[in-house]
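Consider the two complexes below, in which chain A is the common component and chain B and chain C are the respective partners.
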Partner chain A sequence: MTERRIGVFICHCGGNISDYVDVAAVRDAVAELPGVAYAETAMFACSDGTQQEMVQRIEEEGLDGLVVASCSPKLHLTTFRGVSRRAGLNPFQYTQVNIREQCSWAHTDDRAAATEKATGLVRGAIARTAESDALVPRSVDTTAASLVVGGGVTGLRAAIGLADLGLDVHLVERGEELGGEVARLGRTFPDERYGRSMVDELIAEIGERPRVTVHTSTELAAKSGSFGNYDVTLASADGTSTTARVGSIVVATGAATYEPSPGEFGFGLTGVVTLEEFTRDLESRHGRLHFRGRPVRTVAYVYCVGSRQADGNEYCSKYCCSAAVHASVEAADLDPRVRQYHLYRDVRTYGRFELSYEESRRRGSTYLRYPDDDPPRVVPTEDGRLRVTVTDLLTESTELAIEADVVVLVTGLVPRENAELTSLLHLPVGSDGFYNEIHPKLRPVETVVDGVLIAGTCQSPKTIGESVASGMAAVTQSGAMLMRGVAELDPQVAVVDPDACTWCGACAAVCPYEAISRQELSGRPVAVVDPTGCKGCGGCVSYCESDAIDLLGNTDAQVRALIESMVEVPA
Partner chain B sequence: MTTLAPRVVDPHLLVELQRLGAPDVSACVSCGNCTAVCPLADNDGTFPRRLVRYGVVGLRDELLASKELWTCYHCAACSESCPMEADPGAYMAAARRYAITRYDPTGVARLLATRPFASLGVLATLAALFAALLTLDHGPAPTDRLDLFRFVPDATIHWTGIAVMVVVVLVALGGLASMIRGVARREGLGARHLLAGRAGWAHGWRAAWDAAIVESLGQRRYREDCTTGTPEPWYRRRWIAHALTMWGFLGLLAATVLDYGLALLHVRATGTPEPVWYPVRLLGTVAGLALLVGVTTLLVNRVRRATTSVEHSEPGDWLLLGMLWLVGASGLATEVALYVGGGPAWGYGIFLAHVALALELLVLLPVMKFAHVLYRPVALFFHSLVRATPGA
Partner chain C sequence: MDGPAHPRILVFSTTNISDPGIDLAGSRHLHYPASVFTLSVPCSSAIRPGWIVDALRHGFDGVFVAADGDECALLPDCNQRTARAVSLAQSRLTEEGLEPQRVTMAAICSVCAEPFVNHMREFAEKLAPLGPSAHAA
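Showing the complex of A and B:
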């Protein structure tokens, strides 16, 4: 093997590193190592000036490898891959070493040891880089079509958006009708529109778009293929099934409304209802508020039913405070004389919904704050009303009794039972039962499975507006992936050496992405990794007994060289 | 406190308070700014947040049993600092109005407070009835000199006055009884605390002294703490106007009692002209002037809306000030008539009006804003007693 020409840059990070690590000593210790053609320190490696200097050095010195010893790769991996690319160096022949978090910040008490550790890490990275190969991203042609799973408000709106981008859309709904939870809602905040009317509008728009194929009473039964070209099987309740090829899958399976158990805050008693039922059956007769035919003079709302429970759903369902507050304003619209008591833990009418909270107070709503460990109790009275007792923290923790005609349980959202879909699409599920995105802020609708996106309340409790917004984000992301017709895939995937492979099947069994299959080669079975399906997790590598699998970008040779050079003490 | 039976909330309390002029306190978010700025709020009395809360939630008994209702002088510092503009100061005033209607056993207070126009009719009728009663067997009205007490016989005034007194005392005792019952239970105080040996008696006397002399007559905290934020000339200060009114009224009361006392002792007959320096006359004149100046200042402040506390006035506010002014002015006019010489016919008319209005003011005392002279000292008594009684 010819001598490598590796450039090493060691960063001061102002003083963040150099105050505790003797960066010049690190440079001196590695400058003469075999394969190192250039070694220097820099005040700020990430600064524009230093980046330009790196590009210049790589070009002038004809470097074929780069080691940057600075901070965490989480911060600047992309930065220096960019530097490599600009200098014409393959980005996979660059290695990042973290001597800030792992050396200077961690060992402020021992400068000599911090320096020694940094030297070891840099030495390892040089050895690893010396074993690196140039890797080229794989490009695949993508299918200009999407599958939307779930025909609720999020799925409907997403299907319209995808069709308007010019993509073919298959919209799959498990139920007999489109519309989901929103179709069952009464007037919704903040604009008073009935859920049914919004859903009907979206269904009508879908009808005008021939690109959208609607499959009701249908479930996703099977999925194969890989990013950009998924082959899906849609099984209908009538026994038939269809197949389709799609580039992306938008999961919008929604959430369910929490169903109180019998007796929970008097649930089951006449007049104890969920918020959803209350807003649906509320009406005014002769200027007086009526609910299901009975006059209502006093309403009590119990908040956080099924949400923020220590021994259950710990999360806040987010939409319910605003919805309940809005319902009370609406009730006051129907009958200004109605008295309404809100029994809450915290009022979370965030953003502009706060104005609604203020309005409700001005319109005759009274807010009573109950302690987390002392929830209200609801019992029937002899005259057919309901008696709610509550400890009000805002009235010197006095226990109050309210005689109410209706007790509204402000219920939250719970994740749906979707075990089959979850395992079929390998969707990551959080401890709360909702699907997880890659990054809550920067990659809010993508999952770790390329091309599978999540939107709406299957991800977390959301308002209708937020659900639709996340659906539109999934549309945009699908467009970004599919509209070019080709997609670039990470080249850091597993490869099988067919000569060493004995096909034991262990690798295929552990692959979470079903990217390994058995194929015949020269008359014997071997494992083959589909590079478009592989996510480079390395699971198969460690399971392979015959050592036949290697992970590009992190080959056994690279890792071995790294370890050995780290433990070896140079003379 | 939570071990007690739950308090049943009354959903209509806020509406009833609003009918009596309470501002929209449902905007209150219980932030406590009002209590923080209140110069009277201390460990022995936290308000007005708590009392606003009682109204918002609907705790009628707690509100009516709160001595703090009556220890507030409505400086309106709370209203000026309220971030929700819920006007807690005006709320406190409305709550006092409400308390007067609820303590009152007759129901007249409620009528006066909620039906201003019907009330005007009732007031006019009542005044006319008094006038008719006084002139039922009137004597001659000579024109050479003003012989007021033969025109309206001495005995008529005497016995009518006594009848009015009896009615007032009965109604006042009824009102005080319901207030005292509520406050005592709420504060955990009873007769046993006052009768508990020497210490109990001492506490009682001390509290009575504080309530009646230091705070009611001396207006100590009204003077020292409850000044409004708006700078005003000394002669328009609320406590000075209030002191002039109160002392003027008490002075007139004293002059009347002395006048009757001298008549009973046969020193001199009621209504005999005396020189200006004659002590009883001097007292009456000075007190009458003080009352007029005080009431006029208070009226002018209300008309001008000089401070936040008089931003809004209810019929009951005008009624009390108006009647006090009429009684004072007619009394002074009667005195003028006595000394201008001769027996002008208007003198008899003014005198008749004066006596009728004075009797009306007296008989209505427990059922109008005037009733604060009953309830405030009692509340101050409890305030002082709670402070002195450990474990109460």
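Showing the complex of A and C:
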């Protein structure tokens, strides 16, 4: 094998690295290593000037590999892949070494040890780069159309956004009508609009956009093809079906409201209702608050019903505190004399909802904090009302009894039953039952399946505003993927060495994406990976008894070279 | 140069989940031993048992797999797969006369800065009485 010509740049990051790591010593320690053609330090590797210098060095020195030791790859992997590309070097022959977050900043107390470690990390990266291959992303033509699954507020707003970008949209709703859960809500914060009115406005907007085709009483029945060109079959309840070709799929199937079990906080007793029922059937008669025709003088709200339970849904449903607080303001609007008690564990009325919380207290709501392990108890009284007993942590755990006309159970959200859709689209489901994005902050609507996006409360409990925002993120992501007409697929996928493969089927059996199939090669069966179906997880690699599978970008040769060169073992 | 102090630990992290958690430990200037080296892979299920054995033969005294917990977007069952690879590696180590407790795994989330640092300190303490890996010298 001819010697590689690798260029190494070690960044000072101002002083973020060089205050704690002797970067010149790192350069000197690696400059003479086999395969290294050039090594230098840089004050800011990411600066325009240094980027230009890198391009120049790669061209002048004829470099065939690049190592940049600087910050986390989360920050500048793309930057230096761009440098490589501009210099005519394959971007996958560039390796970023994190000597800031994972070295200088973590070892500010020991310069010698931090320098030693940085040297080891750079040495490893050089060895890894020496084993790297030029990888070429597969380019695919994409279809300028999207499928939106779910006609709730998130899906409706996403469909409008997609159409406004110039994409054709198929909006599929399982139910007979568009609108989802929000259509059933009463007044909402901060605009005091009814859910139905918001939804109707969105539906009217959809009607004005000929690019959107609405399919109600319809489900996604089949999906084939790959990223950029999915062929979908939409089956209608009337037995007919249509097909469409789309570039992306936005899943906005929403969540369901938690249904309390009979007897849970008195659920089933007259007057014990969910928050949704309470806001829907609330009214004022002659200036007095009435619920379902009966006068109401005292309301008790029990928070966290169905949420944050050790033996149930462990998560916080996030929107319910704000919704309950807002409902109490609405009740006070209808009847300023109504007495309202909020039995809570923690009030989570973040952002603007804090205003609503303040307003509710100003209007006379009383907040009582109950212990996690001692929830309130609800029993009927002889005169047809309800007695709620609660331990109030804020008054030295005094036990209080509240006689109420209505007990409102502030219920959270639960994931919907969508087993068929989940399996059809290979959507990852978390332990809480909601769909998982790649990263909640860095890649909040993408799934590992390219072109399949998730938005709204199918991901996790959200407010209406947050749901719509995530729907718009899915719109933007679809636009970024589809509006150029061509897309590149990550080439870092699994490959099978057909000479080593003896076809046992183990890899195909463990691939949840069905990307591995059995094919005949020169009269014998071998495993073949479909590069458009493979997600590059590497989950099949260790199941191969013949060691015939490699993950490009993290090949056996690359990782072993890295492991074996990081620590210098004295002879 | 006699290399970093013992025990030298190789951490396998994952690009999307545990690596950001380890980055965060550094961003917050939380200290852990400088003899800890991190290597990231897309998903912990991609780790070959042979790599773990290889690390202990090439200067590392312990291997810590920073797994995804149940947050992995690539494979919902990656924890079980990773645990399988870890136990395969442990059996091989036992065959070679190395202590299987030189390999451990725990879930590290994308904001698990403090848990990571605590794991590193605890793991280093557990490895100390074992001495350098037999293949290191």
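Please note the rule applied: the second predicted complex is superposed on the first by the 380 of 571 C-alpha atoms of A that agree within 3 Å, B and C clash if a C-alpha of one lies under 4 Å from a C-alpha of the other, contacts with A are read in each partner's own complex, and residues count from 1 in each chain.
Following the convention adopted for this analysis, contacts are C-beta pairs under 8 Å (C-beta built on N, C-alpha and C of every residue); 3 or more make two chains touch, one makes a residue touch a chain.
The structure displayed is predicted, hence computed values, not measured ones.
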item	value
Touching partner for A:Glu396 - first (chain B), second (chain C), both, neither	first
First (chain B), second (chain C), both or neither touched by A:Ser365	first
Touching partner for A:Val408 - first (chain B), second (chain C), both, neither	neither
Touching partner for A:Trp105 - first (chain B), second (chain C), both, neither	second
Dominant toucher of chain A (residue count), chain B or chain C	C
First (chain B), second (chain C), both or neither touched by A:Thr298	first
Touching both chain C and chain B, counted on chain A across the two superposed complexes	none
Touching residues (chain side chain A, partner chain C) in the complex	72, 74, 98, 100-110, 113-114, 116-117, 120-121, 124, 428-431, 436-443, 447-448, 492, 510, 512, 535-539, 541-542, 551, 554, 556, 559-560, 562-564, 566-570
Footprint of chain A on chain B - complex, ascending	1-2, 4-9, 11-12, 14-15, 24, 26-30, 50, 53-54, 56-59
Footprint of chain B on chain A - complex, ascending	297-298, 337, 339, 341, 358, 361-366, 368, 389, 391-392, 394-403
Parts of chain C lying in touch with chain A, wherever the complex brings them together	1-5, 8, 10, 16-17, 19-20, 22-27, 29-32, 34-35, 37-39, 41-43, 45-51, 54-55, 58-60, 70-76, 78, 81, 84-85, 88, 110, 136-137
